[in-house]
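Structure below; questions to follow.
Order of writing sets the chain letters: A, B, C and D. Residues in each chain are counted from 1.
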Amino acid sequence: MSLNQRKRRVGILGATGTVGQRLIHMLREHPYFEVSALAASDRSEGRLYADACQWKLPYEMPEAVRTMPIFPCKPPLDCDVVIASLPSDIAIEAEAAFAAAGFPVISNSSAYRMAADVPLLVPEINPHHLDLIPVQQRERGYQKGYMITNPNCTTVGLVMALAPLQQRFGLEAVMMTSMQAISGAGFPGVASMDIIDNVIPFISGEEEKVEVEPQKILGRLSGERIEDAPFKVSAQCNRVPVQDGHLESVRVKLATPATIDELKAAFREFTGLPQELQLPTAPVHPIIVREEKDRPQPRLDRDVEKGMATVIGRIGKDPIFDFKFTLISHNTIRGAAGAAVLNAELLVAKGLL
Amino acid sequence: MSLNQRKRRVGILGATGTVGQRLIHMLREHPYFEVSALAASDRSEGRLYADACQWKLPYEMPEAVRTMPIFPCKPPLDCDVVIASLPSDIAIEAEAAFAAAGFPVISNSSAYRMAADVPLLVPEINPHHLDLIPVQQRERGYQKGYMITNPNCTTVGLVMALAPLQQRFGLEAVMMTSMQAISGAGFPGVASMDIIDNVIPFISGEEEKVEVEPQKILGRLSGERIEDAPFKVSAQCNRVPVQDGHLESVRVKLATPATIDELKAAFREFTGLPQELQLPTAPVHPIIVREEKDRPQPRLDRDVEKGMATVIGRIGKDPIFDFKFTLISHNTIRGAAGAAVLNAELLVAKGLL
Amino acid sequence: MSLNQRKRRVGILGATGTVGQRLIHMLREHPYFEVSALAASDRSEGRLYADACQWKLPYEMPEAVRTMPIFPCKPPLDCDVVIASLPSDIAIEAEAAFAAAGFPVISNSSAYRMAADVPLLVPEINPHHLDLIPVQQRERGYQKGYMITNPNCTTVGLVMALAPLQQRFGLEAVMMTSMQAISGAGFPGVASMDIIDNVIPFISGEEEKVEVEPQKILGRLSGERIEDAPFKVSAQCNRVPVQDGHLESVRVKLATPATIDELKAAFREFTGLPQELQLPTAPVHPIIVREEKDRPQPRLDRDVEKGMATVIGRIGKDPIFDFKFTLISHNTIRGAAGAAVLNAELLVAKGLL
Amino acid sequence: MSLNQRKRRVGILGATGTVGQRLIHMLREHPYFEVSALAASDRSEGRLYADACQWKLPYEMPEAVRTMPIFPCKPPLDCDVVIASLPSDIAIEAEAAFAAAGFPVISNSSAYRMAADVPLLVPEINPHHLDLIPVQQRERGYQKGYMITNPNCTTVGLVMALAPLQQRFGLEAVMMTSMQAISGAGFPGVASMDIIDNVIPFISGEEEKVEVEPQKILGRLSGERIEDAPFKVSAQCNRVPVQDGHLESVRVKLATPATIDELKAAFREFTGLPQELQLPTAPVHPIIVREEKDRPQPRLDRDVEKGMATVIGRIGKDPIFDFKFTLISHNTIRGAAGAAVLNAELLVAKGLL
């Protein structure tokens, strides 16, 4: 397949962080991509990756990156595409600079997610939002470069569950309460004194993001802009002592009636372009429904489909809304590094990279 | 004070369990009560308490109970009042047998909570429900004995928060998602393999209880029966790796408009009969409102007011309902042993014991 | 290779337990073996595996075993070889019964480990102990059947580290303090109330096993019996809130002097028959030495070489003995299921199966 | 009692840290002391304590300190005595500066612990080491000021157990393997990603301290210097996911034979000057021996005697040395804040303050 004839060379911004490490691990033997350049904060600049990075994954650091030098997060960088996982306040300048310099930028940060001309992409749900790219290039005066983003790690799992419901039944309102893993805060992130034998009912900026991102992702591209989907989201976000995997208790109010079996069918039958194109990182089943009364659980379900699926269980009638259920999504894979890689694969498949 | 002239002699059913241990600890130097008899399951019968009990509290077992023998959970028992913390299927027979034999029974189990003639008592909220006792005695043919119950450990914290809202603004709907401590499942209870680095989105029977108990507790006593309060409750219950303290993410829809400041005032000013009577176990402030953005937390807030207060924080506007907030309540103290002791104290103060 | 022409049919005793589950997972696509029969305690007998087993691994239960019925742990069983992971008190009868009935029995229990005529086998260390099998058959009157055992899960990691030291320098004394994972106690095993925010300094029978097994494993086969290696072992065993992986703080007193570099070389160069024979489950490197100051760690190092390697770090001079170091070994893989599978592979390679 | 007539005014260096918070909590209603001044790093300087401090104790911050301003860690400070809990590199200058400026300095840092003229004080063990103070003042040219120190948090528990053994039987060698709580690293300290479902076999500088401090503490004051006690200590230090309480697995080699009963008697009968003087923070029983097979445990035993006792259990014969046992000591109370307060109380009782 011609896609594979030449590997795209990837520059990673934020290479030493938790998501950067996942990216490097996911790209270590990727059919489309190879890591060609690493960039990180000023503190790491000029050091070798093995020296600058506190590697925290339970796999070995790939040999190929150990001796790669770390560059600053400014263009140029020796690569065909940039995947960025930076703090939002740094991302806002760095990502635009790379796009202006002609690089496609695949961003994991929140900096441009809600910008009207930037796709907030979930390949199973809204690949057509890529049509915003020419609009973005025209408005921002980019020649070849552009920016696309993936959602917040808590939004991804939620919106995967909402998409089939919106498509089949319409959505009116969504209540989501999260129990989020510590890896979502990066390293060092959450202090152990704060979380052992404890729960923290606060994650800075998280509820605000989850309450607006789903409506854009599930929005309709109308001309040159996206019309947000017309449902409301309420989020309460909590941090729990779990390494990986965001668990979410969800209630939904639908626009049209449905039975539990119809709901499950909608989940189980959900599929999208990544599955059709058989993108390398795409889960075979984007949604897995479990019937056991005590599933999904972070430890048992986060790694299914290599961390790219959303696992849903405990589907039942809600006394106030229509249905309640519980879902899990791996926050640093499907919610971050894997989301970016899948977005990159879609760009390749679409000829945009 | 004459209340204290003679200590009531307490028999504890389920003395070896997690709640039984808390009861023994709470009653070790109580002004109204002294433990006079211990009962537990057949397995423990006839053994000394120190031998039969796997004591799991971070305090020493009181010397006085170490050599007390364990009796079966059937009347008679050498005591003035019975406090019972038994599995529901055992409680249903045992509690009625003690009441029939003339003992006041203060129950922590779910067996009779929803029975129309049994008070589901929270002394700050519905002390007038004690007027059901003569009805109960007449209907069940009890002479001197009777049964009163306290709510499920997750319900207690929730209903403490709901009471002032219902009183001031009226309530239409309540969505509650819990993150519950492992001690709620007793010992051995939750297997460590199931909960370390994990969350379990299921607690048997819990959601069903929380969805009906608040309406009874906040119901109006009309003649000889309680009319349930007319709001709906939706509960999603999760188990988290926390020793003690149930954290709850709550949204409420009110019957009349309120501001955040009015909500906080309603919480802060809430008080009741136990405070007025200065019952020994009553918290000075039944509800404590915290303004920090990341409170309440189980580890930091569960033990305030000796585990008898409900701590509420993160009060804000909800995009769908009116308000969202987070609360914590100590599940084995306010949610179980302390609830029973406070109920017992109220009975003494009311001359019912 | 002729070894692979015909798959040996394996019966698993204790199939529903923690180790049984690991065995089923490890054998699901094994080149030498296929699972043909499952047996477990009376409680599970007659039920289908999917119904009887509380599957706790973060992988799906293999489809092939879901509908297999569970037999009692008595011969006959439809298989060529039995792998047993039973409680010791049940194993003592069941394993001998299978051996007497003509089955090779590969045991993970402690029942026969210290029996003079039963190999306590670690294929990298003492494959020649298999010469005890004819002795055992003669003494016990077995025709075709026999029993071999693998060590206690804490012993395995320790003895892997001791073997190269004994071979090169001689060993005089070993002090080992363990921090053991909860999975070592099976399911439900350790109660979460006992281990969250806690350490338990006691594991029943563990210290006694670790203090005698290494000397047998490293013993010399002299005629028809094993002469224990002449060093002493002191063990203090603790349970910590870790899912998998036993960490061990070790001090050793050698018989002849060595430098740290010589110690590291001895570890790094250690290899054995499984590596030579390239047995499917053999780790390429049985021992991995890490130079970072804070490794090995359970979460980061337990799964290296698919959980079959021993990872050693923090090697330094000891103020009292000669050296101190820290090691980790995956307790349910190298310490149990993987040990049994590797033993089975060695039997095939040796023509004993 | 004249001691109490006037409260000594205490200045706390490092007031915002984990130990500083414990100090403030322990001194909130102290009969001898009142907190009169707070100092901390430059970052906090000039702010009010309630604003600068991330209070992490499960008790409310005392009202009295909330509005106290934070001063820099340099003299003068409005107080009679300074209790310091600073990082060692800052302590080395700050503590000497306060002593030179005439303040008695009670230090929790390691900066001067091993200095020949500075007492490393454990009031139950070596109160006579206070005789070094005039030597120190003469050698360093201090007029009224002086410095005394308490041991490392891991040393304290160990040396409490060693003292009675040395006194009765003589000590030759000690092997100690620790499992230390996260609070020992301060806040934010240990990252949660590093410790949930994990153990870290490394604590910077810890083993080095534990291997030399006990010999000084148990040393003999000979003229103007301390002769170290002539036994050797080997330490291996590990961090475990526990909030508070350092657990230690210990083996000891004695100079003269002893039975287990004699060992237990030595522990149980151990007492010292703080008990004799009934100092307010002194535990009634400095050592508590537990007979249960699975004690001591951090969660159940750390808070006994308000966190000031050392709890010892699992006492048994060791196959290599003479005895093995397990002990626990509360690291931020007896191991830090409580150690400093008890030292301060002894100074008052001795007329040195």
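In this text, a residue touches a chain if its C-beta (ideal position, glycine included) is under 8 Å from a C-beta of that chain, and two chains touch if they have at least 3 such contacts.
Predicted, not measured: the structure shown is a model, and the values here were computed from it.
Asks: On a CA-centroid basis, which chain has its centre farthest from chain A's?
Replies: D
Asks: Any idea whether A-B or A-D has more C-beta pairs in contact?
Replies: A-B
Asks: Just how far, in Å, is the C-alpha centre of chain C from the one of chain A?
Replies: Taking the average C-alpha coordinate of chain A and of chain C, the gap between them is 41 Å.
Asks: From the C-alpha centre of chain A to that of chain B, how far is it in Å?
Replies: That gives a centre separation of 42 Å.
Asks: Calculate how many whole Å lie between the centre of chain A and the centre of chain D, each centre taken as the average of the chain's C-alpha atoms.
Replies: Each chain's C-alpha centroid was found; their separation is 48 Å.
Asks: Return the residues of chain B touching two or more other chains; collapse runs of consecutive numbers into ranges.
Replies: In chain B, 56, 194, 196-197, 241-243, 299-300 touch at least two other chains.
Asks: Would you pull the chain C residues touching chain A in the complex into a rising list?
Replies: Contact set of chain C toward chain A: 56-58, 60, 196-197, 243, 299-304.
Asks: Under the stated contact criterion, what part of chain B meets chain C in this complex?
Replies: 18, 56, 182-183, 187-197, 241-243
Asks: Would you pull the chain A residues touching chain B in the complex into a rising list?
Replies: 173, 175, 177, 179, 194, 197-202, 211, 232-234, 236, 238, 240-243, 247, 249, 251, 293-300, 313-314, 318-321, 324, 326
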